[in-house]
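The structures come next, written out as C-alpha cells.
In the two complexes that follow, chain A is the common piece, with chain B as its partner first and chain C second.
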Partner chain A sequence: MSSLLKLESVSAAYGESEVLWDIDLEAPEGAVTALVGSNGAGKTSLMRVVSGLLIPTSGKVAFAGKDITGLVAERRVVEGIALVPEGRRLFAGLSILENLMLGAFTRRDDRVKEDLERVWKHFPELADRSGQIAGTLSGGQQQMCAIGRALMARPKLLLVDEMSLGLAPVVVDRLAEALLDVNESDGLTIILVEQDVELALEIASRGYVLDTGRVVMSGEAGELRDNPKIREAYMGVAA
Partner chain B sequence: MKAKHQLAAAAVLLVLALILPAVIDNYWLRVMTTVFMIAIVAQGLNVIVGFAGYHAFGNAAFFGVGAYIAGVSLNAQVPLALAIVLATGGSAVVAGIFGWPLLRLRGHYFAIASVALNMAFVEVILNLGGVTGGAMGLPLPISPMPPDLLYRMIYYMMLGALTVATLVVWHLSGSRLGYALRALRDSESGAEVMGVDTVKAKILAWMISAAMTGCAGGIWAYWLTFIEVGSAFDIGISMRAYIMMLLGGMGTIIGPVVGAFVFEIVATLVWSEFTHIHNLLLGMFLIAVVILVPNGIIHLISRASARLSAARELRRAKA
Partner chain C sequence: MLAQTIVNGLLLGGVYGIATIGFSVVWGVMGIINLAHGAYIMVGAYIAFALNQWFGLDPFLAMPFAMVALFVIGYALQAFLLNPVMHTSLLLTLVVTFGIDLFLIDLFVLFFSSDVRAVHTAYSGSSLEIGPVLISWVRLVAAILSVLVAIASYLFLNRTRTGQAILATALDREAARLMGIYPDRAYGLTAGLAAAVAGAAGCLASTIFPISPTLGISFLGAVFVVTVLGGIGSVAGVIIAGFAYALVQAFAATYLGANYQQIVAFSMFLLILIVRPQGLFGKPFYGES
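This part shows the complex of A and B:
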C-alpha cells in the first residue's frame, strides 16, 4: 500500500521551545493510522504540522507525492487534508448547517448536497436541529458536527484529534462506527490521535507511539496492542 | 430577527425617510442628514467589527480620506458624482494597501494600529499643504443651488448611500465572504483549516468598510464646503459610530441604522432640552443601554418575537 502522507525527519517548535524531534511517519492510503501517547507527547503539535498550522523547523512533509512542507493551512484543505481539531472547535456562534457548509468552503463541485445528506444519515440528530447554534449542542453532538464538517470537505486524508475526549463510551462507539464506515465505503485515509490507546489501536491497522516529542515505537496495530510495554504504560495492564 | 424581516423593516424605514423632507423643517432635516451620515459609518464598522470581529477603532481615517479625496477632486473641477465615486473607491484602495500588513495583527494590536493609521493620515494631510491646504484647511467650491434645495439633495445623497451600504451588508450576510468572516470572527485558525484565506477575507471586509466610510466622508465634505484635519479625522466619529453599532446590534443588517437613529435623536433631544447637563444624561442613557440591552436593540426584538411565538405555540397546544 502506498503512503498518502509521509513525514521525514520532521522537527517543530513554538518559538524557542522545540516540541517535535526527528519524526518519521507514514499514513498508508485507505488505512486508519493511530497516533497514541500520553499528555504532552506532541500528538496535537504533530497534527498541527500535518494540517499546516505549525510549519516545521526542519524535515519534509509530503502528501500524495507532493512536498507540502511550507504550504499554508487553507491551501492544504484544497489539497485534501481535513482536520477534526481537539476540543471540536466548532464555530460556536454559527448554526450546525453553517458549520457543515463551512467544511465545504473550498469546494466548487455539485456533490456538496449529496455529502450533506450523508452527514445527516450518519448523524440524524444533527439533521433534526440543523438551525441550532453549535455552541448550544452537547459534547457528543458537537463532535458529530465537527466530524461531519471535516467530511464535508470530501478530504483524501482525515485527521481526527482526540475524538473520545470527555465523551460517553456509547457516543464514542457511534463516532468510531461512522469513521470506519467512511474509511471502508470511500477508502478515506484517517489518522486518529488518541489518548484512549485501546480504542485507537482497535480501529487502526497501524500505529505510532509518541513520547516527549519523539516516535518511540511503531508497527501493526495488533502487535502494538499486544506489546507488554504499551499495555503497561498506556492501558494500565500489568505486564 | 431574520434577514428577510430586517429587510422588510429597512424598506418601511426607507419609504418613511423618502417622504420625511416634505414634513420636517430645516433643523430636523440637518439632524436626519447627520443620522444617515453616521449610520453609514456605523454600517462600515459593522462589516469589519460585526462580521469579521476586527476592532477598527480608527476607522474614521477613511472618513477623512474620503473627505479629502472628494475635496481635492471638486477643487479640480471634477463633477460631484465622480468625486464621490473617487472618494469611495480611493478609500477602499487605501484600506487594501494598509490592510495587507495591518490585518495580520490580531486583537487589540490591530485596534491600536488602526488608531495609529488615523493619526498618521493627519500628519500626511498636514504635510501635503499645497494640495490639501494643510493646517489651514481646504475650502470647497460652493454650490450655486438655493440652500433649501441643496440641503435636500444632500439629505437624499446620504440616504442613497446608506441604502446601498445596507444592501451591501444584506448581501454580505448570506455570501461566501460573509460566512468566511463570521467563521474567522469565531476562530481564525479554525477558519484557515476550513480553507478560508483569512487575510484576503479580512482585507476585502476592510475595503468594503472603508468604501462606505469614505463615501460618507466625501458627501460630508461637499455638504460642509470647508474641511480641516481636526474634524475630518476626528476619532470621535469612530467612537460615535461604535456606540451606535453596539446599540443597534453588531453583525446584524439594520442594527447600526437603528442604533444611529436612536442615539442621534436621543442626543439631539437631550442637548436641546437639557443644555447644561446633556453629557451627564447621555452618559446615563448609555449605561442603561449597556446594562439592559447588551446585545443591541435588534437582538432584543428577536428575543421578544421568539418569546411571543413560543407563547402563541403554547396557547395553540393547550387549545
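This part shows the complex of A and C:
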C-alpha cells in the first residue's frame, strides 16, 4: 500500500520552544493510522503540522506524492486534508447546517448536497435539528457535527484529534463506527489521534507512539496493542 | 406635536442605523474600534456633494458611486494598515484608525476647505402633508433607502457564502482557516463593506445635514451610542437602536430644546452602559456566545 502522507524528519516549534523532533511518519492510503501518547506528547502539534496550521522548522511533508511542506492550511483543504480539531472548534454562533456548509467552503463541484445527505445518514440526530445553534449542542452532537463538517470537504485524508475526549463510551462507539464506515465504504485515509490508546489501536491498522515530541515506537496496531510496555504505560495494565 | 416628533425621529432613525452598521460589524468581527468610521461617512457625503455640484447628479443616485469608492478605501486600509497590527494590541488599532481619521479630515479640508456646504435638490424643501404632520420627501426617501441598505447588509452577512465566511472568521479564526477561508481576505471584505455602507449613509446624510470635513466627528458619537445600544456586531439590533436613538433625540429637541438633544442622548447611553452593558437586546455577538 502506498503512502498518502509521508513526513520525513520533521521538526517544529512554537516560536523559540521546540515541540517536535525528527518525526518520520507514514499514513498508508485507505488505512486508519493511530497516533497515541500521553498528554503533552506532541500529538496535537503534529496534527497542526499536517493540516498546515504549524509550518515545520525542518524536514519534509509530502501528500499524494507532492511536497506540501510550506503550503498554508487554507490551501491544504483544497488539496484534500481535513482536520477535526481538538475541542471540536465548531462555529458556536452558527447553526449545524451552516457549520456543515462551511466545511464545503472551497468546493465548486455539484456533489455537496449528496455529501450532506451522507452526513445526515451517519448522524440522523443532526438532521433532525439542522437549524440548531452549534454552541447549544451536547458534547457528542458537537463532535458529530465537527466530523461531519470535515467530511463535507470531501477530503482524501481525514485527521481526527482527540475525538473521544470527555464523551460517554456509547457516544465514542458511534463516532468510531461512523469513521470506520467512511474508511471502508469510501477508502478514506484516516489519522486518529487519541489518548484512549486501546480504542485507537483497535480501530487502526497501524500505529505510532509519541513521547515528548518524538516517535518512540511504531508498527502494526495489533503488535503495539500486545506490547507489554505500551500496555503498562498507556493502558494501565501491569506487564 | 407628539405625532410630528415621532415622525421626525423615525425618519432619522434609519440613517443613524446604517451609519452604524459598518462600525458595529467591524468591532464585532475584528475587535477593531474604527475611529475613522465617521470620516468614511464624511467622504460619502462629499462624494454626493461633488457629483451633485459637478454633474448635477441626485445625491441619492450618488450612493452606488460612494459605496464603490469607499469599499476600495476600506479594503485597502484594512489590507495595508490594519491587518498587520490588528493582532498586536487594541491601543495600536485605535492609534492607526485615529491617524486615518485625521488624515481624511485634513485631506478634505485641503480640497474642499472647511466651509460648511449643503446639497440642494429640486425637491429639498417639499413635504408630504398628512393631517398636521409634515413629512419631508428627502427624509422619507433617505429613511426608506436606509432600511433597504440595512436589509441588504443583514442578508449578505447571514445568507451568502461570503457573509458566512466572515462570521466564521469572527467566531474562530483558526477553524475558519481549516475550512479554506483566508482570514485576512475576510477582514478586508468586512472593512470594505463596512466602509461602503458608511459611504451610503454619508450620501443620505448629505441630503439632511450641512456637511463639512468634520461631519464625521459628530456622527462618530452617535455611532458609538447606537452600537452599544444595539449590541456589537448585530445588524438588526443596530437598526432598532438607530430608531431608538433618533426618537430620544427628537423628543429632547421638541420638549427641551435643540441644545439638549446630545446631552439627553448621551445620558441615555451612560444609563444603558450601567444598567444593560450587553446592549438593549441582550444578545451577545456570535463570537462571545
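Operating definition for what follows: the second predicted complex is superposed on the first by the 239 of 239 C-alpha atoms of A that agree within 3 Å, B and C clash if a C-alpha of one lies under 4 Å from a C-alpha of the other, contacts with A are read in each partner's own complex, and residues count from 1 in each chain.
Going forward, a contact is a pair of C-beta atoms (placed from the backbone, for glycine too) under 8 Å apart; a residue touches a chain by one contact, two chains touch by 3 or more.
All values reported here derive from a predicted model rather than from experimental measurement.
Undergrad: In the superposed model on chain A, is it clash or fit for chain B and chain C?
TA: Superposition check on chain A flags a clash between chain B and chain C.
Undergrad: Regarding the shared-chain residue A:M101, is it in contact with chain B (first), chain C (second), both, or neither?
TA: A:M101 contacts both chain B and chain C.
Undergrad: What is the contact status of A:P85 with respect to chain B (first) and chain C (second): first, second, both, or neither?
TA: Both partners, chain B and chain C.
Undergrad: So, does A:T33 touch the first partner chain B, the second partner chain C, both, or neither?
TA: Neither partner.
Undergrad: Considering only the contact definition stated at the top, list the common interface residues of chain A for chain B and chain C.
TA: 51, 53, 72-74, 77-78, 82-83, 85, 89, 91-94, 98, 101-103, 105-106, 149, 153
Undergrad: Which positions of chain A touch chain B when the two form their complex?
TA: Residues in contact with chain B: 51-53, 72-74, 77-78, 82-83, 85, 89, 91-94, 98, 101-103, 105-106, 149, 153.
Undergrad: Note which residues of chain A are touching chain C in the complex, please.
TA: Listed in rising order, the residues are 51, 53, 72-75, 77-78, 82-83, 85, 89-94, 98, 101-103, 105-106, 133, 135, 149, 153.
Undergrad: Using the touch definition from the top, list the residues of chain C that touch chain A in their complex.
TA: So the residues of chain C touching chain A come out as 161, 164-165, 167-168, 171-172, 174-182, 285-287, 289.
Undergrad: Mind pulling up the chain B residues that touch chain A in the complex?
TA: So the residues of chain B touching chain A come out as 176, 179-180, 182-183, 185-187, 189-198.
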